[in-house]
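Got some structures for you, see below.
Heads up, the next two complexes both have chain A, just with different partners, chain B and then chain C.
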Partner chain A sequence: MKRFLAMVQNEVVKIIKKKRFYIVLLILAIMVPIFSYAQMRQSLERQESYGTDWRLEVQQAIIDNQNSLSSDRVPQEWKVYRQIYIQQMQYYLDNDVNPNEPGGVTFTREFIDNSAALFIPLMILTIASDLVSSERTGGTIKMLLARPVRRWKVLLSKLTALLMFVSLIVVSAYAVCYLISGVFFGYSGWSIPIFTGFVLNGSDVDLTYVQATPQWQYLLMQAGLVWFVGIVVALLAFMVSVLVRSTAASIVVMMAALISGSILTNMASAWSSAKYLFMVNLGLTEYLAGNPAPIDGMTLGFSLAVLAAWGAVSVFISFIVFTKRDVLT
Partner chain B sequence: MKQPDDSFVLRVRDLNKKIGRKTIIHSISFDVREGEIFGFLGPNGAGKTTTIRMLVGLIKPTSGSVEICGFDVQKQPEEALKYVGSIVENPEMYPYLTGWENLMHFARMQDGIDEQRIREVTELVHLGGRIHEKVRTYSLGMRQRLGIAQALLARPKVLILDEPTNGLDPKGIKEMRAFIRELASAGLAVFVSSHLLSEIQLLCDRVAIIGGGRELAVGSVDELMGAGRGMVIWDVEPKAKALALLVQYKDIVIVDSVGAEALEDAAAALLNERSIVTETPEERVAEVIDVMVREGIAVRGVHRIAPTLERLFLQMTEGEGIE
Partner chain C sequence: MNSWKWTWRTTAVLSALSALLLAVGFGYGARELIFPRPNLVNADAAADAPLTERAPSTDDGSYRIVAIGDSLAKGTGDTTGQGFARRAAALLDQSGDREVRFLNNLGINGMTTQELLTELDEPGVRYVLKEANVILLSIGANDLFQGGAALQTSAEAPDANALEAALPAASERLGEALDQLRSINPAARIIYLGLYNPFGDIESLRDEGDLGITEWNAKASAQIAEGENMVLTPTFDLFERDPGAYLSSDHFHPNSAGYERIAQRIVQGLQ
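Up next, the complex of A and B:
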């Protein structure tokens, strides 16, 4: 066990010395202020048109969406989405809660919601995609495997270090986001009530199970889901990194999969077996926010199960291939 | 040669490797003793590196076994690989870590290596001054030495070096040879692969010669190299007269220009338009010179050349050539 921990330490040292994690932090530190600034401009503009009363703004949003429902040019799927949106806004209005209350915490929640399916997975790829392939490209795999250590232990130490960094990336995303956006919007907003539990029945929203959750609690649930998505993406990238010799190829394969996921969620509602693909299931936080699923029949439980299955298969394949394969080059 | 003792630290039995349908290694067997420098000689592509990879468990043999200090590499890798240090092909270390961090990295993977030991091996390979610099900044010679430090970390009984002098300058090559001899005299078994016959002759006690994935011969270096007849380059005038004289000897073989192409570069540089290349037994040379002088042939130079690997191969495969 002591030996194993030392090997995990090795992997952590290598990830840090390769400066991959700094790149992740740097990207966050650049992106978050840009989005914060954009958000600030948006809320300033809103204030100009609606004054300080948020109710006017929400009412206007409801009216705009209702108008678009009668338009023939709007596709049917979008109409469903807008109907749901209208009902949710109405609920906020009825309960006298501002859904867009500006603040560092609200910004963080929205930023993570939007980055859970693509942005955070991309950052995880910077670490996961070359974990094994770089050892092969650099030839160091020969030194690593000609040791009196079983191969599965070598791979498990890498996997352990990877999962630690996935957790660290998720935590850092929240921390960087909150700290930087707080400069723009202030650091408050932990206890604002957020409504969750909207159950969708076609284009109707069932409000029976809706409850007000303080925003901090919402963030915790969200973080759990984002972490789960991150782990699954990491496991898949890890497998690709075992299978593919070149780090570049390894990153491209995973990026293609992730991006095809975000394209598919926008157009696959008619192709129902696409729901078994991992990439359309990455938007777990959408369920929490009460947004409609991209394909009929998808629920939070379903998506969790699909992702878990993909993750388990990847781990299985990674270990089989890594322990059996000849190191030829 | 057969000694039923356990001084053999590396035993290779009937090693075969098939990739797809193609057999690339055909039943290779040899033993390496404690304190011995064992050469593994063959041209590029003969299967040297593939065999070495099987020795350290990087490739699984299709059949046959590798035993290190009595432990089978496939069945008990955790025991067997404790006793081997190796450099397979180039000494590739992590360029973004310092030499010291690289050694720490490999030290953490096994028991019983403390910082004191890392300092020891660093001293041994004379890397003391630059051990805390990034490997990225090292020259090839320094990388080679760091590679050896890495291989020696766990106090192995067998050291496996794949073409250890490749890419080194003449001074570096000499140092490397002296270093390997020093290690062997301390009781370490050293397994050295090379495609240069001279390298093996200068360094090794015993040798296995392989070509086309097959073992052609195993034995002591003197024994095997003696088997290859040496070549003599005659620098004489007039050439025709000398040639007529030489063909009269039954045990002297005139080597044609194709055969002469197999000479190593240093020997090939001696050739000029007057040169005659022959295979001549050592004891004949003085006699032939004597006769030549009496016949009025001007002898400008006589060079004895050690047999080249290529000649040795031609003789071993009886002119069938190497695959």
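Up next, the complex of A and C:
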């Protein structure tokens, strides 16, 4: 056990020495102020047309969406989406709760919602994608395997180090986002109520399960779901990194999968067997927000099962391939 | 080497704590979503939404304008998308005697008097109406002409009999809507836009349409005269002599110039 911990330590130190984690932090520290500033401009512009009264703004959003429902040019799926949006906004308005109370916490929630399926997985790729393939490109893999340690232990130590960094990346995304956006919007908003539990039946919203959740609890649940997605993406990237020789190829494979996922979720509601692909199931936070799933029949339970299956299979393949393969080259 | 030991220790501790926190969040979130708990408290309280209990805003000496009703209120046909409501607000602003705030345009395409009555029950709509002190209302045309859709989709033009048949009930609902508006906001000035005949450029429909609309406007006028602080702003004459110049390409809604003329009327009535 002690030996194994030393191996994990060795892997963690290697990752830190490669400065990948600093790159992740740096990217966050550059992106968040950009988005914060854009958001601030947007809310200033809104304030010009609606004053400070958010109720007028929400009511206008409801009316605008109702108007677009009667238009023949709007596709049917969008109409369903908008009908759901209208009913949710109506619920917020009826209860006199601002759905977009400005503040650092709200910004963090929205930022993570938008980055859960693509941006955060990309951050994880920066660490995961070259974990094994770089040893091979650098030729250090022979040194690694020449030690009197079983191969699966070597791989497990790498995997453990990777999962440690997944947790760190998710938490630091929240921390960086909150700290920086707070400069723009203030640091308050932990206890603002957010409504969760909108149950969707087609275009109807069932309100019997709706709960007013304080925003900090919402963030906690959201972070947990993002973390789960992050782990699965890390496991897949890890497998690709075992299978593919070059680091560049390994990054490209995973990027292509992630990006195709974000394209598919936007268009594939007609192709229902696409729901078994891992990349359309990455938007777990959408379920929390009460947004409709990209494909009919997808629920949180379904997505979790699909992601878990993909994750398990990729761990299995990684270990089989790594322990069996010749590494003479 | 010692410094690496510390780096490792902090990383290990931090990541263990993070993982613990995230796992708790995941478990909590998954449980809430997979086994949602019905919210019994809220289902009972739905009747008295907190928003409806808010008092109307106090008068601060400015015009606070809201438009509500059908596609005319919304501004359909206006290439700039302003409609008479925003145009009237802009004209008032130019004249500059009081500050002008355009609060909301609640116009919805195809709205009938029946739909307006449902809309007036929405807490959000009531809130907006309470905030205003000038309410611009345009309604009725869709009850009488079925949205003008008949003119485009079927060869059969809306006939005068259908118009006559729809008129009494629709007129009654207009009265109800005006009463509702009055009770929602007792102080605001309510301006109802009279109807015009959109079929002025179709010879066969011109006279029959004129008669029906005149009757509607007369009934509306009588209802408005009964109410307090309400006026009917006529638009009938604006589109009578040269409908082509002031109607948009759908032959039903006004175009930009048409909306501008309506807006001028509204402003004259307010000053």
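As a convention for this text, the second predicted complex is superposed on the first by the 329 of 329 C-alpha atoms of A that agree within 3 Å, B and C clash if a C-alpha of one lies under 4 Å from a C-alpha of the other, contacts with A are read in each partner's own complex, and residues count from 1 in each chain.
As a working rule, a contact is a pair of C-beta atoms (placed from the backbone, for glycine too) under 8 Å apart; a residue touches a chain by one contact, two chains touch by 3 or more.
None of the values given here were measured: they were computed from a predicted structure.
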item: Clash-or-fit label for the pair chain B, chain C on chain A; value: fit
item: Partner chain(s) touched by A:V313 [first = chain B, second = chain C, both, neither]; value: neither
item: Which of chain B and chain C A:D94 touches, first, second, both or neither; value: second
item: Partner chain(s) touched by A:L25 [first = chain B, second = chain C, both, neither]; value: neither
item: Partner chain(s) touched by A:V252 [first = chain B, second = chain C, both, neither]; value: neither
item: Chain A as apex of chain B and chain C, Cα-centre angle in degrees (nearest 10); value: 160
item: Contacts of A:Q9 with chain B and chain C, given as first, second, both or neither; value: both
item: Chain B versus chain C as contact partner of A:L207, first or second or both or neither; value: second
item: A:L288 touches, of chain B and chain C: first, second, both or neither?; value: second
item: Contacts of A:V58 with chain B and chain C, given as first, second, both or neither; value: second
item: Partner chain in contact with A:V321 - chain B first, chain C second, else both or neither; value: neither
item: Chain C versus chain B, contacts on chain A by residue; value: C
item: Superposition-derived minimum Cα distance between chain C and chain B (Å); value: 7
item: Shared chain A contacts, counted only where both chain B and chain C touch the same residue; value: 9, 13
item: Complex contact set, residues of chain A against chain C; value: 9, 12-13, 16, 50-51, 53, 55-56, 58-60, 62-63, 66-67, 70-71, 90, 93-96, 163-165, 167-168, 170-171, 196-197, 199, 207-211, 217, 220-225, 227-228, 287-288, 299-301, 304
item: Residues of chain A that touch chain B when the two form their complex; value: 3, 6-7, 9-10, 13-14, 17-19, 138-140, 142-143, 145-150, 324, 326-328
item: Chain B to chain A touching residues, read off their complex; value: 53, 56-60, 77-82, 84, 86, 88-90, 92-97, 101, 105-106, 108-111, 150, 154
item: Interface residues, chain C side, partner chain A - complex; value: 4, 7-8, 11-12, 14-16, 18-19, 21-30, 32-34, 36-39, 42-43, 46, 49-51, 54, 74, 101, 103-110, 122-125, 127-128, 131
